[in-house]
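The same chain A turns up in both complexes below, where it pairs with chain B and then with chain C.
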Partner chain A sequence: MIDLSSINPVVLAAALMVAATPILLAAIGELVVEKAGVLNLGVEGMMITGAVTGFAVAVMTRDPYLGLLAAAFGGAAISLLFALLTQVMMANQVASGLALTLFGLGFSALLGQGFVGVSPPRTAKLDFGFLSDLPILGPILFRHDPMVYVSLALVAGVWYFLNYTRGGRILRAVGENHEAAHALGYRVRRVRILAIAFGGACAGLGGAYLSLIRVPQWTEGMTAGAGWIALALVVFSSWRPWRVVLGAYLFGGIIVLQLNLQAAGFRIPVEYLAMSPYLVTILVLVIMSSGRARKTLAAPGSLGRPFHATG
Partner chain B sequence: MLRLEKRPQPSAAWGWATPVLAVGLTMIAGGILFAALGKDPFAAIKMIFWDPLFSPQFAAFSRPQLLVKAGPLILIAVGLAIGFRAGIWNIGAEGQYIIGAICGAAVALAFFPAPGWYIFPLMVIAGAFGGWAWAMIPAILKTRFNTNEILVSLLLVYVAEKILAAMATGRMRNPDGAGFPGSRNIAQYPAASNLEIIAGTGMHWGVVAAFIAVIFAYVMLHRHMLGYHVQLAGQAPRAARFAGVAPSRLVVLCLGFSGALAGLAGLFEVAGPARMISIDFNVGYGFTAIIVAFLGRLHPVGIVLAGLLMALTYIGGEIAQFMLGLPAASIQVFQGMLLFFLLALDVLSNYRVRLSRAEAA
Partner chain C sequence: MTTPLLAIDGITKTYPGVVANSDVSFDIGRGEIHALLGENGAGKSTLVKAIYGLVRPDSGAMRWQGRPYAPAAPHEARAAGVAMVFQHFSLFDALDVAENVALGMDNPPPLRRLAAQIRTVSRDYGLPLDPGQLVGDLSAGQRQRVEIIRCLLQDPQLLIMDEPTSVLTPQEVEILFRTLRQLRAEGRSILYISHKLEEIRGLCDKATVLRLGKVVGRCDPRQKTARELAEMMVGTKLHQPERPAHAPGEVLLEVKALSLRSPSPFGTSLKEVSVAVHAGEILGIGGVAGNGQDELLAALSGELRAPPGAVSVRGESVGHMGPNVRRALGLLCAPEERLGHAAAPEMSLTENALLTGAWRQKLVNRGFIDWTRARGFAEAVIRRFDVRTPGPHVVARALSGGNLQKFVIGREILQRPEVLVVNQPTWGVDAAAAAAIRQALMDLAEGGAAVVVISQDLDELLEIADSFAALNAGRLTAKRPVRGLTLDQVGLMLGGADEAGDAAA
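Moving on to the complex of A and B:
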């Protein structure tokens, strides 16, 4: 018997924000990378590296925030391997991104061996005083851990940076047309390496959010495709920061709803419900890349093309 | 100051040398990794690359394993390589492998326990069809809606894994298995089993299929118009269009071919070495095959060598796990490093490294 009344919409909406945060973090980082003209398919690998480094450091220091910081560094560090391959050694970006994912999955499993079954230090929820006590809005918006708000602030920061600062314009120029940007004297390679490191840090944070706050536990391969969903989200957003939030919360909603339906004893087997986030991602990709939507799709002009300065 | 100068044409000599060099560097880096884990690096490297073939203690068991493990890797990698050459990135072979195994196993389980010479061939057809159909999803979405085939094929791996779990615990569960997840043992069902053709060699029908696929791919790539189109589309997409190569036809062909081969690999695995459909049936051959394809320089003959080498690291890794207590994941790291070194060293075949005195911009 299905008991839909057991699904509380307020709890659902609150859980949605938590479920969306890891992919939101990873996707906003990848958006900056792609805006700089680089396609890094290693998001999954960077996320899982962040998940394990963050978890290990948090467990050892008993401080979740040090863990999150370490995750950002871990993600950035491993992304520099990708930067070295694609920007210095001029390797194919698709293959290098895949290599990063394969390597990250193995490397994290190796690092995380001693941490299976350990529980991490708890991350406190913020209390906004009377705001948190508001009916309905309080639990949905104002009773989360700090990272939920950090992720939104990060999106605002990226939006401001890309649209209103000189550095953001240079980054976009590099992504739209690297030959022209080079001719104007911008350091294409340097901008791209910085963007890749930023994307790595964001993905690392997203991964650590999974292992430290959302789950919270370390298991091998725990990102389970979140990095790939984040990549799809960037396409969904048409490379616009605020749309990433919309997309991430949409996916968060599907993930949470699907979990709730499982718990409510919905008659479809668990496995089929668990497929839904991946299937919805594919569906969204199809809608975004076809027909009229395609014209508004503003992929950066130099996305995925290698740049080699001659002379 | 070092400066890179693009070669007008990739160097053939470096093309052969880089994989060898990459393997060498991976051995060194891997040795450092093993030392960091507190294991004797020389013993570990010897165990991974030498003992599976020549150690009196292990060789009798592990030599046949070489073909058992290399078979699916080569079969999948050959299909992937053709797509990669054309710039069509099927990275969801793992999913096609799973669906192929499920379709093939479904045929076997439907006929169980009837005898009949026709059952195994039907399974082969079903396996290839399953992988092909699963690969057609990204192919058709790509040609109809311009959807990125990389993301779709990869996301479908997760969907396939869920289907596998649903099958192992539901529809295909062994009715005589006391409720445990997992299907009937197909390897013990004579009309459907994929056993060794020559005892003690590890040679099963999947290995035969792999070698047929290699020959087929070689002929197609080097002696046939289609192979020329594949190369052209990968290296000069605009020129390919002017030459009348239909990009969407190529997408359907490449994805379909690699999907069918991955499906076949899954079927031969489930009816042989893996024995049954179970939750943990897939072990990542579909992803390792990507490394095999690159290590083999996307060339059918190179892929055979790369597949054998990669199979060696799997088996040697197991021995090192057993003898030295090396963590299972370290072999995955080892394989990942190999791909890194390979991609990095490719710079030598595409560029000339020049020493320049003047400051280069």
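Moving on to the complex of A and C:
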């Protein structure tokens, strides 16, 4: 018998924000990378690397925040491998990104061997005083760990950076037409390497959020496709920061709902819900590629194209 | 004797296997429009890049207002007072005009103030422009204005213009020249790169001619004829394409009320295009880039499908058919983009010959490729059209623009088409190769084929075409005989004022 009354919408909404945070972090990083014209398919690999480095450092120092910091560095470090391959050695971006994912999965399993079954230090939830005590809104919005708010602040920062600063304009210019940006004297390669490192750091944070806060535990391959969802999310959002939030919470909602429906004994195989983020993304891609909507939803002009500086 | 604004002394730059510039010296004075003339590959671009700080010369020196000048990056050149308008515009489609301008400045003011400055400058120099518009929505002439205004906002002493008129209508050229003369009157200098000789004669005070990286002549272009300048540039006597008069034959290609939506967000949809081309006729289709040229070519080649009756070859409806069926019926096409559209860059010339020649040349036998015949066909094209390449095994990307263009046009002509449609057949091709391509097109028409030449080079169209029509915002004007057509009428046709012209006549 299906018992839908066992699903509490307030708890569901609160859990949704937590479930969405890892993919939101990874996706906002990848958005910046793609805005700079680079397609890094290694998000999954960078996330899991961040998850294991963050976990290991947090366990050893007993400080979750040092762990998160280390995760950001770990993600950035492994993304520089990708930057070396694609920006310096001009390797194919798709192949390098896939290799990064496979490498990250294996590498993290190796690093995490001594940490299986260990529990990490707890990350305290924030208390906003009376805000946290509000009925309904309190538990949904104001009783989370700091990273939930950091992720939203990061989106706001990226949005502001891309639209209102000179650096953001240069980054978009490099992604839109790298030859023209080069002709104007901008350092295409440098901008892209910095963007890749930022994307790696964000993915690392997203991974550590999984291993330190959401789960919290280390298991091999624990990102379980979150990196791919983040990649899909960037396309779903048509490269707009605030739509990434919308998409992340939508997909986060689906993840949480799927768990709840399972618990409530719902008869539809959960695989349908697990598939849904990808189906929605494919749907969005179809809508994007048809009709006049394309003009406003277009991908950065130089996305995925290698840049060779010529005399 | 006053010091020149920029003195260039013995600049040499070599790339592996090529000497781009060899001991190039000349001066640019204040308030002077100085022409830099030369064929493709003569070293104009490299020289200009050295002045703008994008390339470091191997040896030689430059002096700016008497002081040593060696910019290591474009921002140093801009700081000195050098600005450049690029041939392929360095603009970003998805950004608006003000953002594009800001990207070309070293210390841009806040966007709102910049927008006001753009309005002021665009009014002062007669270059109307809206700072809030997306660049992707602008015409080529408007895009060039963005570049020019970007330069002018930095108050340059020297403005470098690389082939600025190649994409403009005659009216837009007039506006541009008025602006350039105004700049000269203000005491600014302009380095003007072009191979349009009439323009140089009308605009420039001095000319330096480059050939194979060396300075081969200096002159006052106003004292020379266009022919003399061309011969200085090429180094030999020029062969003028020519062809005897003839009577038109039956209708080979007919387009009837062809309307088609563009598949590209920045493209132009075709609206009610109708025209008939006869055997032995060359129809020239003029118009500024982005007015539906690519879409028209795609509709004729079969890349875009239309209602069956919209396109017919010898009375047979082919509008709904794909390229191979059309090729079998004799309708062949050569699109504008050489690399990536007309030819696959990473494939050899033999493979590229096979791609369009497979059916008419019977290069495929029961599903298997006959490599011997394919290679033979590629070699025939190379021989007949004087394509400079080590052989048919070379990949298309390795050929220079002019040689690859000769190959892709030659590949279609050697298949003896009934109807040939070409888009920008001589774009970016040097004078000698362009003359050869034009002659081949005229010979083809002479042999009884119908030829459609889509081009933005009006001189070319008026030289080789029998009749002329213009594309404007996806509409094609009625065609008119080229004989007796004045440049003013052509300008009006390009502006879409077909009916008005008829009413006045």
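Here is the rule we use: the second predicted complex is superposed on the first by the 282 of 311 C-alpha atoms of A that agree within 3 Å, B and C clash if a C-alpha of one lies under 4 Å from a C-alpha of the other, contacts with A are read in each partner's own complex, and residues count from 1 in each chain.
FYI, contacts are C-beta pairs under 8 Å (C-beta built on N, C-alpha and C of every residue); 3 or more make two chains touch, one makes a residue touch a chain.
Computed from a predicted structure; not experimentally measured.
K.L.:
Check whether A:A180 is in contact with chain B, with chain C, with both or with neither, and answer first, second, both or neither.
P.N.:
So A:A180 only meets chain C here.
K.L.:
Does chain B (first) or chain C (second) touch A:G225, or do both, or does neither?
P.N.:
After superposition on chain A, A:G225 lies in contact with chain B alone.
K.L.:
First (chain B), second (chain C), both or neither: which does A:T281 touch?
P.N.:
First partner only.
K.L.:
Going by the contact rule stated at the top, is it chain B or chain C that touches a larger number of residues on chain A?
P.N.:
B
K.L.:
A:A124 contacts which: chain B (first), chain C (second), both, neither?
P.N.:
A:A124: touches no partner chain.
K.L.:
Where on chain A do chain B and chain C both make contact?
P.N.:
Touching chain B and chain C on chain A: residues 294, 311.
K.L.:
Quick check: in the complex, which residue numbers of chain C touch chain A?
P.N.:
Counting only chain C, the residues touching chain A are 15, 46, 49, 53-55, 73-75, 86, 88-95, 99, 102-104, 108, 136, 265-266.
K.L.:
In the complex of these two chains, what residues of chain A are touching chain C?
P.N.:
Result: residues 166, 169-170, 172-173, 176-177, 179-181, 183-186, 292, 294-295, 298, 300-301, 311 of chain A touch chain C.
K.L.:
In the complex formed with chain A, which residues of chain B make contact?
P.N.:
It is residues 4, 6, 37, 89, 91, 141, 144-148, 150-152, 154-159, 162-163, 165-166, 169-170, 287, 290-291, 294, 327-337, 339-340, 343-347, 350-351, 360-361 of chain B that touch chain A.
K.L.:
For a test of understanding, state which residues of chain A touch chain B in their complex under the given definition.
P.N.:
Going through chain A, the ones touching chain B are 41, 81, 84-85, 89-92, 94-96, 98-99, 102-107, 109-110, 113, 220, 224-225, 228-229, 231-232, 235, 269, 271-272, 274-275, 278-279, 281-282, 285-286, 289-291, 294, 308-311.
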